[in-house]
Amino acid sequence: MLRKKKTIALLLICTMIMSVVLVGCGKKGGDAAKDGDAAKNGGELAPVELTWYFIGNGQQEDTALIEDEINKYIKDKINATVKLQCFDWGSYDEKIGTMIASREEFDICFTSSWANNYREKAVKGAFVPLNDMFDKYAPKTKELLGKDFLKGSEIGGVNYAIPTNKEKAHQWGFILREDLVKKYNMDISKIKKFEDIEPFLKTIKENEPGVYPLEAAGAQNPRMHLDYDGIDGENLGVLYNDSKDMKISNQFELPEMKEYLNTIHRFYNAGYIRKDAPTLTDYNADESAGKIFAAIKSLKPGKDKELTVSTGQPWVQVAITQPIIGNYDAAGSMEAISTTSKNPERALMFLELVNTDKYLNNLINYGVEGKHYVKVSDEVIKPGPENSKYNPCIQWALGNVFLNYLSEVEDKDKWDKFQKFNDAATPTKDLGFMFDPAPVKNEIAACKASGQDYILGLETGMLDPKVYLPKLTAAYKDAGIDKVIAEEQKQLDEWLSTQK
Amino acid sequence: MSKSKGNSKEGYLEISRKSNIIFNIILTILAIMCIYPLILVFMVSITDEKMISLYGYKLIPKKFSLYAYEYIIKDIGVVLRAYGTTALVTLVGSLISIVIITMYAYPLSRKSFKYRNTFSFIVYFTMLFNGGLVPWYMVYARFLHLKNSYWALIIPALLSPMYVLIMRTFFSTSIPDSLIEAAKIDGAGEFYTFCRIVIPLAKPAIATISLFNILSYWNDWYLPLLFITDEKKYTLQYLLYRVEKSIQYLSTSSQSAGNVSGALANIPSQSSRMAMAIIAIGPIIFAYPFFQKYFVQGLTIGAVKG
Amino acid sequence: MAKSFNKSLANEQQIKKQSSIKNFCIEFKKNKVLFFMLIPGLIVLLINNYLPMPGVLLAFKDYNYKDGFFKSAWCGFENFKYLFMSGKAWTITRNTIMYNVIFIIISITIPVALAIILNELRNRKLAKFYQSVFFLPYFLSWVVVSYLVFALLSSDMGVVNAALSKLGLKTHNWYAEPKYWYFIIPFVNTWKWTGYDIVVYLASICGFDKSYYEAAAVDGATKFQQITKITIPLLKPIIIILTLLKVGKIFYSDFGLFYIVPKNSGAINSATDVIDTYVYRGLRESADVGMSAAAGFYQAIVGFIVVCTANYITKKIDKENALF
């Protein structure tokens, strides 16, 4: 046994020594080199290659062609060439996460609150702080985005990524089957809050046996309409959007939530909700088959039209909250520059072009005119003969959407409506505050893991809140939620004092 | 269980007819439990999507539709290339793997080898402890520069500790020591003994581990996910995984995926899942019957005597 | 036999007194070829497993991208805390161990019995057919299996509930009641893996010398006696090895089985939550490398202690068949 122990020890020491040597070798050239100075024209700058990783439907066939066009166009402006690499939905997070963690070199990557988690990665040093660089390399973009939007994605006062200029706010409401609404003469203008839907649900339940009156499923649960402003990713601590006292609470202890849980449980027992609700993640199938009457969704101008196209059923939308700009909206779609990039300044210059140059923006989004799209008028396009070879369909990730050409089927006033929507929105009281979870990461992980037992069941109305809500609260307390909220409050108060 | 009734051959070399019938009945029931789900999967894959939403999984589709397959195999060229890539990786990987595994397992099975336990431990240790995703990825991507290379798909699965130890056990139990001693007396070296005597006798074991290797290479989608970025080098399983994830993302689109295109209307999410399962199995389902011919008893007869 | 045994024992004791490196050289000279046969495997192990091995230490570091592996601060057992913090620590540990024990017991009984039966069937063609069919569930991924189970257990469209209501019995919301899952999980697991396990045992049986059976038959042993006195003892080594291998993984679970099949329905978590699913739920969207490394380390170290103990006991009883 002793001999074996010696062997093991010897082996481990050898491999450790070797690993140190090898990692050291691999590290050479991994540090971001300074590009020296700057701005102005291509002639003064050395040519560089920029790599851009983003999420989407996968690498398009004609990407190389597009890259050539881009390179031709930007050579004079910033003397750089670009490589575009799209990873598909399922693998983006894993791939980019591993690349960042292993300090691979690249320049630009997509980040957001829901993919390549912006908060977590920025705090751990994955992205380059941009504040000082904005004025020099991307002044127009800064102006475009406006103070609110930029503020919303700050972490400790620093911007680590550029948000995409698109719809800035979120709003919750119902989408309802237009044909059924007409059939039963429902007056949907009466729907001002969640409970108002009840009589309509009853009508459907009594008269349409094959239709589930209310959709309740994992991802966009009706509970979202409560529109609490989450401080951390799990909504363990929340604020009211228009909070007067800026006190953070556990969302499950707030009165509106309690009322909602009772209501939804009542709905579940009355049969308004599909019994399997907690296990469902794919409700698109039910929607497309016509089995859903009403659902709570995140709304924006024209959402019902979009859904009508995508599901093949007619929908109409009714908003029940006001448009709000929150921290999560700002972090819905952003581009960050990696700290492993050798040319962060050049990368930022490129992003400035993407956000302000109409030709470049539409080139990246739609392809080459005549091949991948054809112009119907100045601003309107339709798919071209080789559309299938380059059709990324992720305008909301690739720069300023207001520059995009509109598709034939879309509303001609779409951008105006978006602008009005953005302008009408009110910011949350803590816009710009990004909570740093590091001091309580253990408690957060423990809460996340133990809350799961009850949350889905409660939110979809399957579990009786009288019995299970106390259990959830107890589980959270056991996992240390009080510590989490105390830490959140502490950081919030500190941030507030710097805002005065 | 079985009684020694019937004629003299029964009960000694064969089980009784009664037992045989009972066993067959039990096995048939179990077989149905195994086949039925697969047939159901196939049937659902050729059912029209809306019928699935309305009526659930039915053995006889209410309405036939091959749309799920059309949706997945958008471009037959891509799918064929993926099949080809997978086949290449699987074949090369399994061949190299079985050679490495048998070569490693043989010394471990030789009782005269003093360090057999140490080297067994070295390989077993890796089954429990590993450095984690990031250091492992760094070795392949940054140190070996194998990103986007077929080798990144082959090397990680070359030496599975479990297969090595199973192989070692097969060697120990089915190759009598006396046989090896006899070879040694005749002047054969270890390697010669290995090639000429041990390998032929260990056919069932090699067939088993080869089968497991082939299946493991064929089914893997994780390695391409991490290492491959060149569209031409993707394997079949990864392509299917990708389609499934896209459907999932598009179906449960949260507020961030603003521009949902018309494509969503017709995504046959439920039938395509089943279609993908069928495509994923594909030819590999014939691998097992192929290897069956090696599971023959009695290879050691006469080996000791002769 | 005894004499040579004593002799080799004395030899061993003598050798132990010399240094181990010298021993190594002696052994190397004696069995050069064997060492060379080990080399390809060792190279693969080196690249794939031992070079990244220092990553195990990440469990004790607060890994930060800027500082990288070397400069990130040590943080002791901080990364392990979340595993024990919530009231769930006991539940997940209990579930993990309990299910693994059940799976081990099942895997050394049912597949063994079936392998033996298959080997004894009179019609070889039928036997081959059954073997192939039993293997089929292996080909279905856990995602597909979860949908099949859902088709059975769904509250409104499931086959089981439909049958129950036709018979006038009460229907259940299967995804909401934990107690049934203690049976559903082992059942699904057995269904999926039995065919695979059968292959291993069948391959073993094929390696047994038929002359043993013939000799026994001549001596008047019945089939049943042949099975219990010859087949099963000969299967002992492989059964022991497989059991030891599985025992080492006692703190690991098949993620697909415990997360995907129950469709992440929180209500039944008390029956289906295991260490791996707990870690996944807790660290989802978190970029914390240290915490996931800590979970892996925790599972590995416990498994290691258990398997060393089991191996030690095995060595005492039956030296030949230990793992190492």
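As written, the chains take the letters A, B and C, and residue 1 is the first residue of each chain.
Convention: a contact is a pair of C-beta atoms (placed from the backbone, for glycine too) under 8 Å apart; a residue touches a chain by one contact, two chains touch by 3 or more.
Just so you know, these numbers come straight off a predicted model, no measurement behind them.
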item	value
Chain groups still in contact once chain C is set aside, others held in place	one piece
Most distant chain from chain C by Cα centroid	A
Chain A and chain B, separation of their C-alpha mean positions in angstrom	38
Inter-chain centre distance, chain A versus chain C - centres from mean C-alpha coordinates, in Å	39
Where chain B and chain C are represented by their mean Cα positions, the distance between them in whole Å	16
Chain C, residues touching no fewer than two other chains	50-54, 69, 154, 289
Multi-chain contact residues (two or more partners), chain A	7, 11, 19, 22-23, 101, 103, 114, 218, 281
Multi-partner residues of chain B (each touching 2 or more other chains)	117-118, 121-122, 134-135, 138-139, 143, 244, 270
Residue ranges of chain A in contact with chain B within the complex	4, 7-8, 11, 19, 22-23, 25-26, 57-59, 85, 87-91, 94-95, 98-99, 101-104, 112-114, 166-167, 170, 210, 218-220, 281-286, 288-289, 291, 298, 300, 306-307, 309-312, 332-333, 393-396, 409
Complex contact set, residues of chain B against chain A	49-50, 52-54, 117-118, 121-122, 125, 133-135, 137-139, 141-143, 225-226, 229, 231, 241-242, 244-246, 248-252, 254-267, 269-270
Partner chain A, residues of chain C touching it in the complex	16, 20, 46, 50-54, 63-69, 78-79, 81-82, 85-88, 150, 154-156, 173, 175-176, 263-267, 269-270, 273, 278-279, 281-289, 291
Residues on chain A engaged by chain C in the complex (per definition of touch)	3, 6-7, 11-12, 15-16, 18-20, 22-23, 27, 97, 100-101, 103, 114, 117, 120-121, 124-126, 218, 233, 274-276, 278-279, 281, 339, 437, 441-450, 452-457, 462-463, 474-475, 478-480
Complex contacts: residues of chain B adjacent to chain C	1-4, 11-17, 19-20, 23-24, 26-27, 30-31, 33-35, 37-38, 40-41, 55-57, 99-101, 103-104, 106-107, 110, 112-115, 117-124, 126-132, 134-136, 138-139, 143-144, 155-156, 158-159, 162, 164-166, 169-170, 172-174, 176, 189-191, 194, 201-202, 204-205, 207-208, 211-212, 215, 244, 270, 273-274, 277, 280-281, 284-285, 288-289, 292, 295-301, 304
